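Order as written gives the chain letters A, B, C and D; numbering starts at 1 within each chain.
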Amino acid sequence: MNFASDNVFAAHPAVFAALTKANYGAAKSYGADHVTDEAQEAMRDLLQAPDAVVRFVATGTAANALVCAQLSPPYGRIYCHDDAHIQTSECGAPEFFTHGAKLVTLQGDGGNLHPDTLSRAIADGADEGLNGGMNAMVSITNATEWGTVYSPDQVAALAAISHDAGLPLHMDGARFSNAAAHLGCSPAELTWKSGVDALCFGGTKNGAMGAEAVVFFDPARAEGFDYRRKQAGHVFSKNRFLAAQMLALATDGLWLDLAIRANAKASVLGQAVQNGGGRLLQPVQSNGVFAAITPETDQRAKAAGAYYYPWPDPSVAGTGLVPIRLVCAWDTPDQDIAALGSILAG
Amino acid sequence: MNFASDNVFAAHPAVFAALTKANYGAAKSYGADHVTDEAQEAMRDLLQAPDAVVRFVATGTAANALVCAQLSPPYGRIYCHDDAHIQTSECGAPEFFTHGAKLVTLQGDGGNLHPDTLSRAIADGADEGLNGGMNAMVSITNATEWGTVYSPDQVAALAAISHDAGLPLHMDGARFSNAAAHLGCSPAELTWKSGVDALCFGGTKNGAMGAEAVVFFDPARAEGFDYRRKQAGHVFSKNRFLAAQMLALATDGLWLDLAIRANAKASVLGQAVQNGGGRLLQPVQSNGVFAAITPETDQRAKAAGAYYYPWPDPSVAGTGLVPIRLVCAWDTPDQDIAALGSILAG
Amino acid sequence: MNFASDNVFAAHPAVFAALTKANYGAAKSYGADHVTDEAQEAMRDLLQAPDAVVRFVATGTAANALVCAQLSPPYGRIYCHDDAHIQTSECGAPEFFTHGAKLVTLQGDGGNLHPDTLSRAIADGADEGLNGGMNAMVSITNATEWGTVYSPDQVAALAAISHDAGLPLHMDGARFSNAAAHLGCSPAELTWKSGVDALCFGGTKNGAMGAEAVVFFDPARAEGFDYRRKQAGHVFSKNRFLAAQMLALATDGLWLDLAIRANAKASVLGQAVQNGGGRLLQPVQSNGVFAAITPETDQRAKAAGAYYYPWPDPSVAGTGLVPIRLVCAWDTPDQDIAALGSILAG
Amino acid sequence: MNFASDNVFAAHPAVFAALTKANYGAAKSYGADHVTDEAQEAMRDLLQAPDAVVRFVATGTAANALVCAQLSPPYGRIYCHDDAHIQTSECGAPEFFTHGAKLVTLQGDGGNLHPDTLSRAIADGADEGLNGGMNAMVSITNATEWGTVYSPDQVAALAAISHDAGLPLHMDGARFSNAAAHLGCSPAELTWKSGVDALCFGGTKNGAMGAEAVVFFDPARAEGFDYRRKQAGHVFSKNRFLAAQMLALATDGLWLDLAIRANAKASVLGQAVQNGGGRLLQPVQSNGVFAAITPETDQRAKAAGAYYYPWPDPSVAGTGLVPIRLVCAWDTPDQDIAALGSILAG
């Protein structure tokens, strides 16, 4: 019963099939091969963005941090949520890749930045002068680290504020597929049509072995990016094996199918948590369930072999309850969800 | 007829089998899984180094540059050959990862550093004072960028000079397997028994999809390395898929079998080049053939679809000949070698 | 009437005299001169730290950021106050010099870190694993950015927590002299005797033109520091002109006299503010006055030519009052203080 | 008898006078003061460049490295001479500030880059693709590290090649004044009129305590430069004391007078060296004398207290002679020159 993360689960058979297909004799290296061409084209189609620059890397941290370095100078201020993955979970990768940029983190319920909060922060940053660094970019995560989603309208509101200040908007889409699945909107609507300038489209948490697409909707923003990626050790010589994974996901809507599946499992799990007396800390909008349970329930679940992380939530402080995060993948076994449900019900 | 590099060829079926085997339900992420454990253990066995710290990354550039950052401060001097991959082919990755170290490049025939050259350079560096930076480490490539190999004795001589000056010795072993295959010595003899402190053991050019092992023989030298790797975006969440590749290579001597195969093909190719009137620029000691051919031969080969790189060699200057590099992989088709032989023979 | 900062004021005549004296014919460059020797010795005497490594740089940002880079790896977590100068006012210099370290900022009244806060934060950081980076160092400012001071006991409490976790303690002493002057304790008591490992002893805000001393009490912590300073462009060829400034301050207790003078002026000003109906936001313990005044008073003062900064203080929110910072230097004219007092009194 | 460098000598009285004049009560910090305004204006006048952005830093290493970081991305190739100060004497500062750029060093007699050499190197670099990094900028030193000078025509030839390739041209002018003094041309002719994009105009080696001007002739190239300088700890709070030094040098042609004086002394010294049987390795075109003397002469001079550096010159190899560098400053005592002349004469 592993609900620790969606990255603990397997790669989809179609991904393996694509890798096998890509494993013919000789192919040009460093991305000059046909599989890479096809995968880039598939991603541009998926995003209805024929001019976009698409590149593949193997980890979400690399994807996000390379984009930060592309969009922010060393002395830049990068606005993001307090709980943004780039702030909490990447070991300072954005600071390392940018060579010193400052993450300016902002509060917001459920992992969501409110437009007013962003607007004030950007204005404050502009007043900082040399002391505080230069306003450089805004980064949001969709689906958020709290399992909630930004709608296209919400993205557009944040994009408008960013653009008014001359700042590009980055979307960390490690779970972009889950957000799109929940919203039922097109990837285009949720990204460039809403003002997103750079997207990290996650594959690893959605059926790939290790593959993410970095997308710059305006090619001008991608200038020099291949050098940057190379210098960071993130250009693969056998690039077709990265590309094949994304190609598989982009083919016949597999990315969406898998996300729909994972979301549905989380929905069932969220209901089970409530049935068992747990309290949802956020609505279940993607593939994560954030809940508060009693210490007894927590111990019972762990004793039964359930594996998941605590998830600090100030709103729970003082209640005696244990806040937790449960994540479902496309292939989380239904019986595990049922079993956890039974355990929670006591 | 692709002789451009060994990285243009396929992954071995055993690597795919290992990936498939690793693709069971849920596994702990970030390298806490059993496949990673097994692969690390297999590498330690292969190297007869039970205490070594073994980590996996996906590219040779990442492996080398992370080791440089681990062994050199930003103000360090890193001694290497003029033609070292870290100098010529990694887009400044060592400088980027170390945050400013200076590669001090040295001449040497056939890609080999001579002990006297290294010794003098280190002494000169020590005289530089603050201006020139601080002596930090020595890096050699084995097999070299010219397809030659350092014997254990040669490695030991360079290690002794390095260690006398207090500097660790790094071996870029993108083609380590090919060197060991040529020499017929054990990996241990060619590394820690000869004084190597850190090894990048290549998999990508020898049958993997994209996997390299970074090895620190003294665990004390690996302190903080996991953080460093994480911050650079080189910790995979589904690490088992990196590990499985190296596990396959380390199992039943596959790494050696494949290298023997590639070397044998290069040997045949080298003979064919000579039969066709080409001149070998270096003895064929691994899987690369470095040769000078006539412009007519060069054009004939290219017109016939042979794909390879020119390889600047000052010794050829003024002769009118074209210096080239031809590389064989474990699966370079024999008929391609035969075909190129025929073309060269005219 | 300039109360904007202590760095807006002049250099002391003794500093100029020392510079003039240092301006004899030829002297060895890069700090190998006699003035540098004397100044280092004078600082060691002042600190009763005969083994300390003392180096001079020209700016406080350089001093702090170089120390951070010396004590934290790129993947380090540096604990400091929310309002620490290294966080708010150095344009990301610590991140730049460390190559990516994360400043983990903590709340605390009046710019002071409470031991419990630090203790909890370090424990939390240790739990972060690779995601959050590695606990690396603690940095406090004394006098703080709110004009308050840490006593030797308070420093010792924070040092004990740091050291228990294996972390060195840095003191940003841009206004160290003001703190020592207020406390009446020796520099030794306030630093190494209380567990401080590295000190930035400010000169610029206390009568120098531009000079700070960086002090490592344990020479082992200074290994390679000269290279680091050189690589950052902070080794002066005519180093005697940096050293002479600090020598002047260290001679005959000038550093303390000037701080006592500045503190006394701030004390008078603080009283004047209160007499004028202003509310002190923090007790006046050094050379800064932090106060809340009415908007009318604020406008009257500005209209009269008083120059100072607003200083956001959440405790003032909603009161309609304007929170401000007023800083005195050793040579702030008494008539300016009196004049401002009159204006505030209305 | 100190001929080690021009940075071992004193600051000019006019510089001190300017510092004293700048030391009035309160002034705005961080360069918003009137002295800074005046000094910037004076430099723009001196360079006949009314639109140029002028900033002051305290060291030549900072000036050069900040310009490199401004003009080159981390993955850039910076073309310079083998003996360029940025390569040999700045401890990797350019690599540190740029975050990884590669200095591509080129041979050239007497420290001068030949246009053909540069042209070929840039073309080779363009062929490197991702492996070698991206062509970014060209840096020359004038006067060179060998005491020779580039004429405006020579600069223009290098600038044309650089600009044809889309690369900006930087001039390290640590001894710019000496070059201009020798050539008798205007600073404008030797810089922007010849195609120089960024200039580091040295003060420290020409009568200042520690001050250099960084000049961007096209303001667009200076975008964000103040943040970059701040983040590197090179923005002085009491900036007037940096500015005052440059203002003194820029006033009434002091910069030129001092350089003429230093050059004249070198000229006398060069003659004395030849009279004593020494061989000049390069013509004396600025304030340095590069010569080969016998080991006996070398020992005699050192025994008599002469202080200077050996200066490796391959052309001297095997002759048994000792290659040395002798540098004169504006205030090198004439009797020292005479004395050294006598010693050399035997």
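The definition used in the following text is that contacts are C-beta pairs under 8 Å (C-beta built on N, C-alpha and C of every residue); 3 or more make two chains touch, one makes a residue touch a chain.
Keep in mind that this is a model prediction, so the values were computed, not measured.
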Quick check on chain C against chain D: do more than half of the interface residue numbers occur in both copies, making it same, or fewer, making it different?
same
If I average the CA coordinates per chain, which chain comes out farthest from chain C?
B
Rounded to the nearest Å, the gap between Cα centres of chain B and chain D is 41
Chain C to chain D: how many Å between their CA centres?
34
Interchain centroid distance [CA atoms averaged], chain B/chain C, Å
49
If a residue has to touch 2 or more other chains to count, which residues of chain D qualify?
74-75, 90-93, 96-97, 99-100, 130-131, 133, 227, 230-231, 235
Help me check something: in the complex, which residues belonging to chain C touch chain D?
2, 4-5, 7-11, 16, 19-20, 23-29, 57-63, 65-66, 90-93, 96-97, 204-205, 209-210, 227, 230-238, 241-242, 331-333
Quick one: in the complex, what on chain A touches chain D?
30, 73-75, 99-100, 130-131, 133-134, 224, 226-228, 230-231, 235
With touch defined as at the start, can you tell me which chain B residues reach chain D in the complex?
74-76, 88-93, 95-97, 99-102, 130-133
